[in-house]
Every structure is written in structure tokens, then in C-alpha cells.
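Labels A, B, C and D are assigned to the chains in the order they are written; within every chain, residues are numbered from 1.
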Amino acid sequence: MNDTPLLDYAPLAAALQRFADERDWQRFHTPRNLMLALTGEVGELAEIFQWKSDAECARLADDPAAWMHLNEELADVLLYLVRLAGVLGVDLDHAVRDKLAKNALKYPAPPAR
Amino acid sequence: MNDTPLLDYAPLAAALQRFADERDWQRFHTPRNLMLALTGEVGELAEIFQWKSDAECARLADDPAAWMHLNEELADVLLYLVRLAGVLGVDLDHAVRDKLAKNALKYPAPPAR
Amino acid sequence: MNDTPLLDYAPLAAALQRFADERDWQRFHTPRNLMLALTGEVGELAEIFQWKSDAECARLADDPAAWMHLNEELADVLLYLVRLAGVLGVDLDHAVRDKLAKNALKYPAPPAR
Amino acid sequence: MNDTPLLDYAPLAAALQRFADERDWQRFHTPRNLMLALTGEVGELAEIFQWKSDAECARLADDPAAWMHLNEELADVLLYLVRLAGVLGVDLDHAVRDKLAKNALKYPAPPAR
């Protein structure tokens, strides 16, 4: 496994923990609740793409309201994912480095030509 | 919006880009394809929790095989999310800082007692 | 496989087809678009349950607005599922009978005591 | 709301109830567990489409193994949806008729030309 960190999200995890603490939301943040909330946000993200062609998806940045909406939904998925990993005690940097190492073995790159 | 970065994922985004480039996978990595792949991984993550109690979820770390599986599925969701943001040109650090600022306005913290 | 029909949804499939035809929506109803729309509706359904206890879920019928919302989201998931099967040419009655027969082999019932 | 039934799934709901009863699975079939299981199956369905073009999706019936897999995943989504509605006490025929009536008001058909 690669030893170089690929992801530093400690400030984000801490901000989410503080946000939950200040509102006494820890009691709601069980793994199963957060999994359902993550599913909800993934659904909202999917709705952005559902009736669009690839070309229309590539032009989302041209419409300020659509672009802001896209940014918000991507953020929401990430926020719940980081929170879910946090309450489970999973280190996402470690997890992605491990997974990428496995993927590299599973899907070897063809030799450069 | 907070000016302090909450997330540094540039090395991860670069690793994913390189991984796709080496395998000539960019042509598959359209936003809609990646959205469907993200949905697939979220489904695999949900399956981990589907028949478990909260107490069983809290003990996932005690079973090495279950823990590795959990780490892999969380990683897969993150990998596709980062890749999706990448092909769309969204800066996830910017997006989450913006979203957290909005959340703080929407859900004000009660005064400390 | 069981030969007795378990599901008659021909009137629903026909109603959805007519609804799409009248609005010239067939061109949007590709399998991938419908899959993304189904994901969106599943997300909306998940949001209903995300912060609720099992006891609160069991009392959804007591709140007329929550009950109507639940009915609508369950309906939306079913509508897109039927439409998706329709454009793919899958017979859902045949598919569920076949799957239940496989499930019965995979998970044999314990002998009645 | 339309008074004509669009969907008769009573035999399917009864078969699922009996299947759960025979295996003493009712205790696992809470709304939240079933919602997570539904999410898992939707993910498996999405994986079928993730790297395929619309043209490739239209040819799924030409590959017997792919076709069987598609049928199974569509069936699994439907089975958990029917079971979820069942434990919640929702009548899916009533729910879809009500929702289609609302959709007809929300999206009026253009006049026939």
C-alpha cells in the first residue's frame, strides 16, 4: 500500500463533529441513520442527471443556479460520507489508499506504448 | 464562507486521473456513468447495514473481514464521488465549505449553556 | 417455477405508456435515464426514514401529511420501476416468480414444528 | 382519482409474507431494514447500466446471462418494495392511482393535434 497520504480531511471531519456536538445531533448520527441520509443525498444528486444528455451535463457550469445546485448536492453526499466514516471509526485516507492498491492489482495498466 | 481549507484531496484526484488515463478509461468516465457507478457502490455499502442493529454496526471493527469490507465500500463510494466531481470540474473543498456555511445559517446552534 | 401469476400490472404499464406517449416523453425514457430517476425516488423514500426510530416508522399512518408523503414516494419508486421494466421488455410477473423460486432453493424453509 | 385498479399484487404480497413467516424473518423486516435492502438492490440494478451506452442497454435481451441478471435485479427491487409497503400497511394500487392522478394535474397533456 502507498504510504503517501492521498486525502487530508481532518479539518472537515472536525467541523462536522463540532456541528453535530453544538446541536446535540450525535444521538441521531448512528451508522444506519447516516446511511439512509447518504442514500437520500445520492438520490438528489442523481436527479440532476436523470433527463440530461452527456452534452448537457458538460454544460452545467454555464448555468449559475444549476452549478450551485450541483455543488451543493456533491457536498451533501461528501458530508454524510465523511460523517458516516467518522462515527464508524474508518480512516478514509487509509481506506482509499488500500483500495487503490487493490484496484491496481486487479486492473493492471497496459504497458505504455 | 470559511476561507480555511477543510479538505485536501488533490493527490487522490490526481491518482484517480492517472489510473483512468493509464487504462484509457476516460471515455467511460462521463458524469452519468459515474453517477450510476456511485449508486452501485452506495448500494453495496447499504447492504452492510441492512440486517444489523445499531449495536452490531458499532462492533464491525471486531470482525477483521467485515471491517475490511466496510473500509472497501466506503472507499469505493469516495473514489467515484471524487472522480465524478473531477470530470464535472467541481472543487469539493469549496463546495463543502460553502454548504457548511449555508447549513450554519439554516440550523443555528443553540446558545451554549 | 410457479405458474400462477403473482402480479398483474398490465393496466399500470399501459397507463404509464399512455402518459408518456401523450406528452412525447418516450424519447426521455431510456433505461439509463429511468434508472437515474428511480435512484432519485429511492433517495426521497429513504429520507422519510433517515432520522426515525422503528417505533416512529410504525406510526407514520397517524400523521395524514406524513402518510400521504410516504404513499407518494412508494408510488414514485414503483412507477419508475414498472416503466424501466417496460422499456427493457422485462415481464415483472415472470421475473418475480423466477426469483422467488430461486430464493426458495437458496433459503430452504425449516421444517414446521 | 381513478377507481379502476391498475395493479393486483395481492398474490405476490401474500407469497412474500408466507416466505418471511416460514423463515421467522418478520423480526428482520422493519421498514428501515427493508429500505436499506431496497437501496442495496437498486445499487445492483444500477451496476448493470453503469458502463453501457443506450444502444448496449437495448441489446441486453440478446445475451441470455445478462438478461437473466437484469430480470433478477428488477425482481429484487420489486420484492423489497412490495415487502416494504406491506409492513408499512401501504396499498400500492391505491398509492399509484393517487399519484398518477396528481401527475396528470401537474403535467397536463398537450391537446392532440
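The rule is simple: contacts are C-beta pairs under 8 Å (C-beta built on N, C-alpha and C of every residue); 3 or more make two chains touch, one makes a residue touch a chain.
Chain by chain, the UniProt names read as follows: A, B, C, D = Nucleotide pyrophosphohydrolase.
Keep in mind that this is a model prediction, so the values were computed, not measured.
With angles rounded to a multiple of 5, the C-alpha fit of chain A against chain C returns 180 degrees of rotation.
Just to note, of A-D and B-D, the chains joined by more C-beta pairs in contact are B-D. Between C-D and the choices A-B, A-C or B-C, the pair with more than half the same contact pairs by residue number is A-B. With centres defined as mean CA coordinates, chain D is found 27 Å away from chain B.
Chain A and chain B have CA centres that are 2 Å apart.
Each of the following residues of chain D touches two or more other chains: 32, 35-36, 39, 42, 46, 49. Contacts from chain D toward chain C in the complex involve residues 4-9, 11-12, 15-16, 19, 22-24, 30-32, 35, 38-39, 42, 45-46, 49, 52, 54, 57-58, 60-61, 70-72, 74-79, 81, 84-85, 88-90, 92, 94-96, 98-100, 102-104, 107, 109-110, 112.
Partner chain D is touched in their complex by these residues of chain A: 32, 35-36, 39. Those residues of chain A that touch chain C in the complex are listed here as 28, 33, 36-37, 39-44, 46-47, 49-51.
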